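The following block contains the structure, expressed as structure tokens.
Per-chain numbering from 1; labels A, B and C assigned in written order.
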Amino acid sequence: MRIIVLSLASLLLSPFIAPSVAAAQEQAAAIFQQKCTACHTIGGGKRVGPDLAGVTQRRQTDWLVRWITRPDAMLAEKDPIAVQLLAESAQVPMPNLGVQESEARALIEYIGAQSAAASAPSTAAPAPVVLPPPSLGPVQRTALILFLLLTVLITVVFIAVAVSTRRPSTVDVKKAYGLRRVFLFVAAGGLLVALAGTLSRTPYPGADSRPDHIVYVAARQFDFYFSLEPIVSVADLSTVPLVKHLELPVGSSTEFRVTSLDVNHNFALYGPERRLLAQTQAMPGYVNRLRVHLDAAGRYQVLCLEYCGAGHHLMQIELTVK
Amino acid sequence: MRQISPLTLSWILVVALLFPILIVLGIYMRTVQAEQLPSLQSWFYPVMTLHGLGMVGLWFTAPLACVADALKRYVKPSSTIGWLAFGGTVVGIVLLLVCVLVGRFAAGWYFLYPLPLMGGWPQWSTVLFLVALTVLGVAWLLWSLDLLRAIAQRYSLTHALAWHYLAGRNEPEVPPLVLISTVSLIVCVAALIAAVVVIVLFFADMSGGIKTDSLLMKNLTFFFGHVIVNLSMYLGAAVTYEVLPEYTTRPWRTNRVVALSWNAVLVIVLLAYFHHLYMDFAQPTTVQYIGQIASYASSIPAAVVTIFGALLLVYRSSMRWGLASVLFFVGLAGWAIGGVGAVIDSTITVNAVLHNTLWVPAHFHSYFLMGLVLMTLAYFYHCCQGAAAHAERGVSRWWIMGLTLFGGYGFLLMFYLAGALSVPRRYAIYPAEVSYGAGYAGAAAAFAAMFLVGLLWLLGRMWKRWAETSAAPT
Amino acid sequence: MVARSDVEALGGDIGCAHVSRSLSAASRLLAAALLSGAALACAASTSSSTFREEARLIDHRLPDIELSLGDGRIAHLSSLWREQPLLLTLFYRRCTGTCVPSLLVIRDEIARTRQAPEFRALGLSFADSDTAEDMRAQAQALALEHDPRWLFAVASPPDVKRLADALGFWFRRDLTSEQYDHPTLIVGIVQGRIVRALLGYPISNEDLRELIWELRGRFVPYYQLPGQLRLRCFEYDGRTGRVRPDWGLLLLLAPGTIAMVIAGTVFTVGARARSGGAARRVAEPLLRLRPGVHKPSA
């Protein structure tokens, strides 16, 4: 929602901005997109780092320039504001991203302009909505029921054996070994059946079909990016057209080509019923192709399921299936 | 019954001290996830790292200490090396405490490359972490090698691995403890070497800027992690094979089937680790299949030989039920139940919707908390009561078992349910999408607290029992 | 619909990563064991702007046009790509520039593909003046007249324009020299969609090999990071079809192997330490409780 507001705001504003200023703003926007959005929003609420809306009013420009260009040095010098920010940001320090002074000044101007356009962040945190649990997906339901049944069986057997010690007697070992053989065949047989049934249904993309759509996904601390062109490095984030509102047609097959720009992440797709549908790891230096059939229309959420640092639980992106 | 050795007693003290603390850290984690401690939320990931490292380390060393103690019945491990390993472990623990509590190192217990280098904590804490692992690795490697040496002084390799049983010969008799220990110690050495490679490659990145292939690092890391966790389980099983018969007054001997089963485990455990990389689609599909086949296969020796064998041992025996024997028995059930959860998750098509959800901590907490922990505590209790002249008294053992079982399994059930409902693991706070996870977390914290009470009660009884028996003339 | 602007390319390669389909059944297992190595030496062999141009073409659907083949047949482009994947390049007969050298490179690389190629190559002329006879002559000149894998064709000027537009291919006639200015373009087409494009001359053999692999269905899921120690487990040589283990595999197998060696060593030393090396009968366990002795209490 906030992204829509931002996008709309920038669309509305752009005709009113002089071309040269527009070009500089574009460059600043690109840098902001590439270097800042992982941890900050402007008017979109706190992420790992604070919401930057109005920061140009709250802080002196010179301080901001120093902070943006060399945050590590300022923390080492124990700048009081820097130390306080560190405490407020779950002890995740702002990294030195190699921003030059001129770029920093452009960023500050950009943030100021965007702050004016963005709605003021609400001071009160929205009341947390606790959603009820979703219904179980078919695979999860089978897994849980199977697990519970076998647990009950194990419990019953153990209890029966324990109770049997009330009446001790000798045991016919040969009969027992016979029973063990039966147990072996049943267990091995069951496992073989399960192997045969499940090994043919893996999520690894097959040869026989091509997907209807290919979407590139890059993950980094702590954000996901969709694009229709490959994103190989962080620099690409400012040159490749990113898709902020991904919409896919219902019933289509889509291949997500997932990579990571820093550490291991995970691309986990939750459907409109809020169940985990499919996932793949996002690995630096690799492309994992996740092919999904999007059979239900609605809002899909992507969460990161591989622990990746302090903002791990904040990494999300949405897509819509119509 | 001999007196408990000072070294084993020291290990018991370490467990008695650290285990409750680590449980409290776990309760803290579930409480934060239940949104009850917002002011302490920023500590979640460092505490998660400490809890994981601590539990994996503790429940590797504790059963190994039990095995080292039990092996003294047959072989002569070096007490110098034993104390060295103890000291090294203590030093490692201190270093880990510093890097997490002071440095806020929070890469998670399996420190997946390259996160330790990119997590926002100071570089010194990552260096200290790697140094701590090195210290622990050296201590544990020496310990494992010494135990192998001790076994080797009495048994040849083929005897220690009970190959003569496979050929149909029962002489020389090899106790299952020796067989299982040999298998476990060999794979332990393999796991520790894998950890060495990982640490070296980490240092190569930190000092030389040389990045390693992330898939290779993940393979090596999970080879280490999977093997060390599984062999810890096997060490627990080893002491169960050794001590449980004393309560049933029936022997539990090696035979051809036992030999076959544990030799199979030696191979299977090295291949099953691929199930941790199912969602890394770049991994060659062949090894993904190998992972599922090996994971399924690993359940057969455990279920058909060890657990069935234990049940057969107990069935209609003159079993003396006391805390020690009950803990062994219930621990085996916990291992079985955790194994079921694990095998289900090791199915690729199921893993696609359970990977990195709470089902994962569900299954490993099952066979650890309600499996290995109980078996190890059973052995400790067995040692502590030594040559006690009188039987256990009082109804407290019912309370202890009741709290432990109810609290433990309630805690686990919350994990399984939440995992099936797609709640992710390792989340400090559940976002709106999965906010219902907070309820399960809160209930889990309550159950865990119940388990903690049962544990403390058990430890109290253990101490009391030890005091009684060490005072009494043997 | 996917939210995208009109030009749209749907994704392309990521540096050295290549998209293709895995093979069927039995060969899937083999292919699955391999991380195809054709991308190995490629450390950004193309400049980034060319790469972007190539990437923009990926997944474009091509129009179906009517072709006059060198052997006299008339065929539709769609009929060709429906039968087998198609490697398409644009040239013209009287080119004194890069056309023929490019065709030679492609010809030689295809010839080096040892296994059955499972695709066809089509040289399509974009010059109005070229005829089907010219195409036959071209095939002859390249000694490809009787090679069933190679086709040469012409098409009507409007059709050529339609196809060129879809490919982003431009050509300008130089009136003084009667030569055309044009880029070198090779595209791999599977079922009417571009799976890979190569732009520019000289053609990198690595890239061409990868395009061929693309057509045949291999997927190379990795790319090189700066400063990366390349320690993958398997490298697959696309040309020879051979699997080559890389250092990564050695590192992965090392722990288990070394552990076995250490165990063997420990037990060998232990055997020597035992008296005379003779297997000693295992006497009563040192401190074991004999069966039948009850443990005093539980």
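In the analysis below, a contact is a pair of C-beta atoms (placed from the backbone, for glycine too) under 8 Å apart; a residue touches a chain by one contact, two chains touch by 3 or more.
Remember, it's a predicted structure, so these values are computed and weren't measured experimentally.
Colleague: With contacts defined as at the top, give the pair, A-C or A-B, that has more of them.
Modeller: A-B
Colleague: What chain sits nearest the middle when you go by CA atom centres?
Modeller: Central chain is A.
Colleague: Nearest whole angstrom, what separates the Cα centre of subunit B from the Cα centre of subunit C?
Modeller: Inter-chain centre distance comes to 45 Å.
Colleague: Which whole number of Å gives the spacing of the CA centres of subunit A and subunit B?
Modeller: 30
Colleague: Which residues does subunit B have that touch at least 2 chains other than itself?
Modeller: Answer for subunit B, listing residues that touch two or more other chains: 213, 215, 281-282, 285, 321.
Colleague: Residue numbers in subunit C touching 2 or more other chains?
Modeller: Within subunit C, residues 22, 28, 221-222, 225, 228 contact more than one other chain.
Colleague: Which residues belonging to subunit A are in contact with no fewer than two other chains?
Modeller: 205, 284-289
Colleague: Which bits of subunit B are touching subunit A when the two form their complex?
Modeller: Interface residues on subunit B, with respect to subunit A: 35, 41-42, 45, 104, 106, 108, 112, 114-115, 118-121, 213-215, 218, 257, 279-282, 285, 288-289, 292-293, 296-297, 299-300, 303-304, 308, 311-312, 314-319, 321, 329-330, 332-333, 336-337, 340-341, 343-345, 347-350, 352-357, 359, 416-417, 420-422, 424-436, 438-439.
Colleague: So in the complex, the part of subunit B that touches subunit C is made up of which residues?
Modeller: Subunit B residues touching subunit C: 1-2, 72-75, 145, 148-149, 151-157, 159-160, 171-175, 182, 185-187, 189-191, 193-194, 197, 201, 204, 209-213, 215-216, 219-220, 223-224, 246-247, 249, 251, 270, 281-282, 284-287, 320-325, 385, 387-392.
Colleague: Provide the residue numbers of subunit A that touch subunit B in the complex, in ascending order.
Modeller: 90-93, 95, 128-134, 136-137, 139-144, 146-147, 150-151, 154-155, 157-158, 161-162, 164-165, 167-171, 173, 176, 180, 183-184, 187-188, 191, 194-195, 198-199, 201-205, 221, 262-264, 266, 268, 270, 274-281, 283-290, 301, 303, 305-310, 312-314, 316
Colleague: For subunit C, which residues are in contact with subunit A within the complex?
Modeller: Per the touch definition, subunit C meets subunit A at residues 1-5, 8-15, 17, 19, 21-24, 28, 52, 55-56, 58-59, 190-191, 193, 217, 219, 221-225, 228.
Colleague: Hey, which residues of subunit C end up touching subunit B in the complex?
Modeller: Spelled out, the residues of subunit C in touch with subunit B are 22, 28-29, 32-35, 221-222, 225-234, 248, 251-252, 254-256, 258-260, 262-264, 266-271, 273-274, 279-282, 285-289, 291-292, 294-298.
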